[in-house]
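Each of the next two complexes has chain A plus one other chain: chain B in the first, chain C in the second.
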Partner chain A sequence: MAASPRPAAPDTKRVRLSPRAGRTLWLATLLVPPTVFFLVFEVIPMISALIYSFYRWEGIGRVGFAGFDNFRRVLFEQPFQGWTINAFWNNVIVFLTLMVVQNGLALFLAILLGGNPRGTRFYQVVFFLPVTLAFVLVGFQWKLFLNPIIGLVNQMLGAVGLGALAQPWLGQESTALFSIIFVNAWRWLGFPTIVFLAAIRSIPQDYFEAARLDGANEWHVARHVTWPLIAPAVTIIVILTFIGSFNWFDLPYVMAGLDGPPGRSTDVLALYFYRTAFGETAGALQDFGRGSALAVLLFLFVLVVAITWTRILRRREVELT
Partner chain B sequence: MRWRRLSTVTLIQLLLIGNTVVILYPMMMMGLSAFKSTREIFRNPFGLPEVWSLANFVRVWEQTNFPLYFRNSVIVTAGSVALILVLGVMASYALARYEFRGNELLYLFFLAGIMMPLKLAVIPLFIQLRAMGLTNTHLGLMCIYAAEGLPAAVFILTGFLRTLPRDLENAARIDGASEFQILWSIMLPLVRPALVIVGIYNLVPVWNDFFFPLVFVQRESLKTLPLGLTVFMGQYATDWAVLYAGLTIAALPVIVLYVFLSRQFIAGLTAGAVKG
Partner chain C sequence: MRKRFGVFGLVLACALLMGFAVAQVTLNFWSWRTEDVAAYRELIDQFEAENPDIKVEFQAFEFATYATVQMTALLAGEGPDIVHVRAYGAFEAIAAPGFLMALDDKVPALADFPPLALDGNRLRRDGLVYAVPFASQTLVIYYNVDIFEELGLALPETWDEFLDTAEQIKAAGYVPIANGTATSSMNEVLKGVFAPSFYGPDFFDDIMTGEATFEDPRYVGALEKLLELAPYLAPQHQGVDYPTSQNLFVNELAAMFVSGSWDIANLRLQNPDLNFGVMAPPVPEAGQTPLVSWFLDGGFAVNADTKHLEEAVTFVNYLASREFGQLFTDLLANISPIPGVVSTDPLLAKVAELNQNSTPYIMLVGFRYQEPSGSVLVQERLASMLAGTITPAQVAKEVTEGIATYFEPFQNR
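Presenting the complex of A and B:
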C-alpha cells in the first residue's frame, strides 16, 4: 500500500490488512457495485416481467393469481387475438421487406465498394450518416416529405410528370406500412453495407485474382467467392434485422401513430405491447397482465428463433467454406 | 476490352453517386427548407431560399423548449455513458485480471444481458422506478441506459484487458504501486481505444432513444430531445418552416460530430457486428 502523501494525516486508526484480505476487499470494491446495479436494473426487472404475466392487474396493482389466463386471452380471445395476429404479420412483412430491399441493396453496394473504386472512403461515410440520426428525427423528416399535398415526394413526382403516381403515402392501408419500411431502409442501409464491406475486405485478394484468372465473370466471383466467404457477416445481419424488425417501435409510432393507423395496417407487436401496458390514445384499455404476457411471448419468440436460426446459419457457414 | 473496363468503372461510379444523392438530398432539402418561410416552402420547394434568413432557427431556439431538450439530452447521455464506463471498467478489470472462484460464472452472468431486451421489462421497471422515486428523473433514465449498456461494455473491455501483458502490473507491483494505482495509471491509459469504442457504442443509441423517456418522463422540463421533438412537431404542426428548422437543429450536432469522428463512429456503432 502506498503511504498517503499528506504529511500530517493522523494515522491512529488505520487498519493494516493482510495481503489476502486486502485483495478480497479490492475485488469486492470492483465487483459489488456493478453486480448489484445490474441485478437491480436488469435481472430483477426481466424476471419480474415473467412473474407479472401470471397475475391479474388493476392499474398498477396486482389483484390475484391468473395462471395462464393472460396468455390465453392474448392468443385465443377476441379482440386481442386478432390484434396479436395482425401485429405479428406486420412484423413479418417488415422483416422480409427489409431483408430484400435494405440488406439486398447493402450487399450490392458493399460488393461495389469492395473493388475499391475511387471515392470509397467518401461513399462509406455518406452511406453511414443516417445511421447516426435518431429514428424519431428521421421519421418526422420523412413524414413531412410524404405529406400527400405539400410533401416533397409527391411534388417531385408532379415535377417530373409522374403526378399520377402521387399517393397519400401514410394515409392509405396499401402504402402506409411500406412507406415506413422504406424510411427504415433509408436510415439503416449504411449499417449492413459497412458490415458486409468489412467481411469482403477480410477475404484474401488472391481468391479473387485466382477466380478471375480462371475466367470467372463478376457475377460468378460474387456468387462463388464473395458470397460463401462473407457467410458469417450474413448471419449477423439476418439475426440483427430479425431482432430489430420484431422490436420495431419508434418509426411507426412517430410516422403513423400509437394505434397503428390507418386501420391497424402499421400496427406491430412493440406498439401493441406498449398500448396494452400504458393505454390506447383512444379509449383507455390498459392491462399490465396482458402486457406482460405479450412481452414474455415476444421475448421467447425472438430468442428461440434467433438461437435456432443462428445455429442453422452457422452450419451453413461451415458447409459453404 | 479497355473500353469495356472503362464503362464498368463509370457504371459503378454512377450507381454509387446515385445512392449518395438518395442519402444526401433529403438531408439537404431539410436544411434548405429551414431557411425558407412556410409559404416559400410550398411555392418553391426545390430551389434555394430567396433570402438566407436565420429567423426560423432563432424562433425555434427562443420560443420553444429546444434549448431545454438539448440540455436534458446532454445530461442524460453524459451521465449514462460515464456510468457505463465506470461500472464497466470495474467489473471487467476484476474479471479480466484476477483469478477467483466464480469468475467465469460472473462473466457469463453479465454477458447474458446482451440478449435481454430491457424494453420488454418496461412494466416491472415502471413499478420499480416509481417505488424508488426515479420516474420523472434523469437519474432513472441513466440507470436504465447503464444497465442496458453494461453487458456489451463488460464484453468489449474484458476482451481488451485480457490481451494486456502480465509483466506490466507485476513490474508496477514490485515498484510498490497500489492495486488502484495500477488500474488507474497503467491499465486505463492502455485501454483508451476500447473505452472510446464502448463510449460511442452507447452514446449514439442513448442520445437517440425515445422509448424510455416516453414511458418515464412526463414533466416537460425533463424531456430529452427525441421526446421533445414529438411535443414540438405537434405544437407547430402547420408551421413547416419552423418544423424544418427544429429538425435541422436536432440533427446538426450529431452530423457535425460524425463528420469529424466518422471513423470512430463507424467502428463504434458496428462493434459487435464486425469482427475486428
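Presenting the complex of A and C:
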C-alpha cells in the first residue's frame, strides 16, 4: 500500500522563524523586561542623582548650578563633615563586626555541618529560617524584644536572676549599634552558612581522607584543605557583606530611627543620605543637593572598593589553590 | 409638536450634560492626617452640601512619608489642588520654589487671623501668606487625675513642688513622667515644656536679633533644670520611645506625660476611660506665670498649577471660615486659629488659657529654615545630656556653633 500522502498544511500564512531568529526573539523576551526595569529604576535614578548633586536647591526647587559645592560641604564643612565621618566609621564597624560575628560563626557552623552530624538538615532549616523573614519585620520584632519596659530580653534576664544585666539596649551609645548588628547577624546567619556549606560539600571527599591518612588533625584539615578550596565562596560572602554593610538602611531605620539615635551612634551613611535628601519630619529639611552628593560618594566608594577587592581576592584564590 | 419636543429634548440633554460637566469639578486634597480621615470627610460633606458643583477628594498619606510624596508629586507637576502643608521651614521648602499660590487677596478672612498664626505660613521673602492656618499646638503636661487623687496630690505650681510631687509618685510605685528619651523629637518637646518658664518671655526675641546666643546663662540654666528631671522619667528612659511612653500613660502606669496638644484626641482614643487633665509647666518661684511653647502646625494651601483655580479658592475660603473652624475643633479636639471659634472641651479650654502666655516653640519657629536646623542640633544632644554623657553647657555650645554656620546674628559675636 502506498503511503498516503501527508495531509497538506492548512492554508494559513504562518510566519516561520529561522532557529537563529527564534532564539534571538526568545532571548530578547527574557532580557528586555529586566533591562528596562534596570534602566528605569537603577540607571536613571543614578544619573539624576549625579546631576542633582551639582545643583543648589531651595526647598524642593532647583535654583542654580553649584559645581562641587555640595561635595565640599558634606566632606569638609562642619557639622556635616563630622556626621559624614561618624556615619562612615559606623559602617566600618558594622562591616568588621558582621565579618567576625556573622560570617565567622557561619563558617564554623558550615564546617560542623559539613561533617554531616545527626540532624544536619534540621539545623540547616533552623539557621536558614530567619533569612526568609523581611528585614522590617525582624527589626520591628526585635525592637519590641529589646524594649526596656515591655521587652522579652530584659524580662528573661530578670527571670534567670540576671536582672542586673538588663539594659536599655537600643538607648545607650555603647550598646545600640551592636544590638542592631546582632539582630542583622541573627537574621542573615543562614545565608553565609548555606553558601559555605555548599562549597564544602563540593570538595571531593578523597582530599579529606588523604589529608587524614597523612596524619592531619581537624584543624589542619580545615586550615589546609577546606579553607583554600572554599576561597571562591569566601570572596563572594566578603564582597556581599561589604556592599550590604555600606548600604545598611532598613534595620537601623526600623530599630533606631532616621537620625541614628542615641547621639548618632547608630547613624550610617544610607540613613544619613536619606535624611539629608528627603528630610526628617521631626526636625530636618530636605536638601537634594547634599543628599545626592552623599549618594554619589557612597556609590563610588562601594563600587571602587568592591571591584578592587574582588580582584585581589580572586588572585588570592588562585594562590591558595 | 414633535419638532418642539425634539428641541426641548436637545436643550434638556445639553443642560444635563452641562450640569454633569459642572458636577465633575473634583478637587484633590492631600494631607498627612491619616487619623482624621473620617472627620475631614464630615467637614468636606458640609462644604459639598453648600457647593454641589464641587467635589473634594481627601487623601491622607503616612506622616513619615508625606513630605516625600508631596515633593515628588509637586516636582512632577502632579500635585493635588489643595495641599495640606506644615509651617515654618517645611512650608518654605514648598512655597519658596513657587509651588503654592499667595492667598492674601483671595481669602479675605485671613485679614482677621492672629498675625502669629499667619507667620507660620508666610514666606519670609515676600511677606505674603500662602496657606490658611489650620491648627496651633501647645506643649503641655498631661496628668492622670485619678492617680493624683489617689495619692492626695495637689497640682504643683513651682519647680520644687513639681520635683516633690514626682518624688511622691515614684515612692508610690508609679512612673512620675512617662517620657523616655529614645525618640529624639520628644526630647525637644520635653525641653519645650519646661525650659521657657526658666529662660523667660524675652529670650526668643533676644535670640532672633542676636542679642543672645544659646550659650546665654538663661538657656544653659533651663537645660540644667531639665537634668533634674532625669530620675523621674520612664525607667531606663534611654531606651523608651514615644509609643511606649504613650502606653505607660494610657495604661495608667505613669502619672504624667509631657507632649503636645495634638495628643489629646489620641490619648482619648487609646483609652476612653482615662481621666486626664492638662497642667501648666512649673515656674521657678511661686506667683510667676507659666510660659508655654506654642507653634502653628500648618495650613491649607492652593497648588499654583491647579486647573480649578476658582473652585480651589472657594474651598480654601471655606477652610478659613468660622463654620469650618468650629466643626473642626469640635470633631478633632484641636485649637483652631480662626477668630471666633470657641471650644467647649475642658482640656482645650485649659490649653487656650495657657496660650494666653506663650512663647514661640523656639527651634521650630526660629531655626528650621536651614540645615543644620536648630531641632536637628538640639534633639541629638539632649538625649546624651539626659543620659549624663555631656553637660548642658556643651549642648548650648554645639547648638550655637551649628546655627552660627548660617545665622548671621550669631556670627558677629
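The rule is short, and it goes like this: the second predicted complex is superposed on the first by the 278 of 321 C-alpha atoms of A that agree within 3 Å, B and C clash if a C-alpha of one lies under 4 Å from a C-alpha of the other, contacts with A are read in each partner's own complex, and residues count from 1 in each chain.
The rule is simple: a contact is a pair of C-beta atoms (placed from the backbone, for glycine too) under 8 Å apart; a residue touches a chain by one contact, two chains touch by 3 or more.
As the structure is a computational prediction, the values presented were derived from the model and not from experiment.
Trainee: Which partner does A:286 reach: the first (chain B), the second (chain C), both, or neither?
Mentor: A:286 sits against chain C, while chain B stays out of touch.
Trainee: Of the two partners chain B and chain C, which one touches more residues belonging to chain A?
Mentor: Looking at chain B versus chain C, the one contacting more residues of chain A is B.
Trainee: In the overlay, answer first, second, both or neither for which of chain B and chain C A:228 touches.
Mentor: Touch partners of A:228: none, neither chain B nor chain C.
Trainee: Now for A:60: first (chain B), second (chain C), both, or neither, which partner does it touch?
Mentor: both
Trainee: Could you look at A:38 and tell me whether it touches chain B, chain C, both or neither (first, second, both, neither)?
Mentor: first
Trainee: In the superposed arrangement, does A:113 touch chain B (first), chain C (second), both or neither?
Mentor: first
Trainee: Scan A:172 for contacts with chain B and chain C and give back first, second, both or neither.
Mentor: Only chain C is touched by A:172; chain B is not.
Trainee: Report for A:244: first if it touches chain B alone, second if chain C alone, otherwise both or neither.
Mentor: neither
Trainee: When the two structures are overlaid on chain A, which partner does A:46 contact: first (chain B), second (chain C), both, or neither?
Mentor: In the superposed model, A:46 contacts chain B only, not chain C.
Trainee: Which chain A residues come up in both lists, the one for chain B and the one for chain C?
Mentor: The answer is residues 60, 150, 278 of chain A.
Trainee: Which chain B residues qualify as touching chain A in the complex?
Mentor: 9, 12-13, 15-16, 19-20, 22-24, 26-27, 29-30, 41-42, 45-46, 87-88, 90-91, 93-95, 98, 100, 106, 109-110, 113, 115-128, 130, 143-144, 146-148, 150-151, 154, 176-181, 204, 207-208, 210-211, 215, 225-226, 229-230, 233, 240, 243-244, 247, 250-251, 254-255, 258-259, 262, 265-266, 269-270, 273-275
Trainee: How about chain C: which of its residues touch chain A in the complex?
Mentor: Those residues of chain C that touch chain A are 63-64, 66-68, 71, 74-75, 89-90, 92-99, 180-185, 188, 234-241, 244, 247-248, 363, 368-373, 375-377, 379-381, 383-384, 387, 389, 398, 401-402, 405.
Trainee: Okay, in this complex, where on chain A does chain B touch?
Mentor: Residues of chain A touching chain B: 1-2, 22-23, 26-27, 29-31, 33-35, 37-38, 40-46, 48-49, 52, 60, 109, 112-113, 115, 117-119, 123-137, 140-142, 144-145, 150, 152, 155-156, 159, 186, 189-191, 194-195, 198-199, 202, 232-233, 236-237, 240, 243, 247, 249-250, 253-254, 270, 273-274, 277-278, 288, 291-292, 295-296, 298-299, 302-303.
Trainee: For the complex, give me every residue of chain A touching chain C.
Mentor: Counting only chain A, the residues touching chain C are 58-61, 63, 77-80, 146-150, 166-173, 257, 259, 261-264, 276, 278-287, 290.
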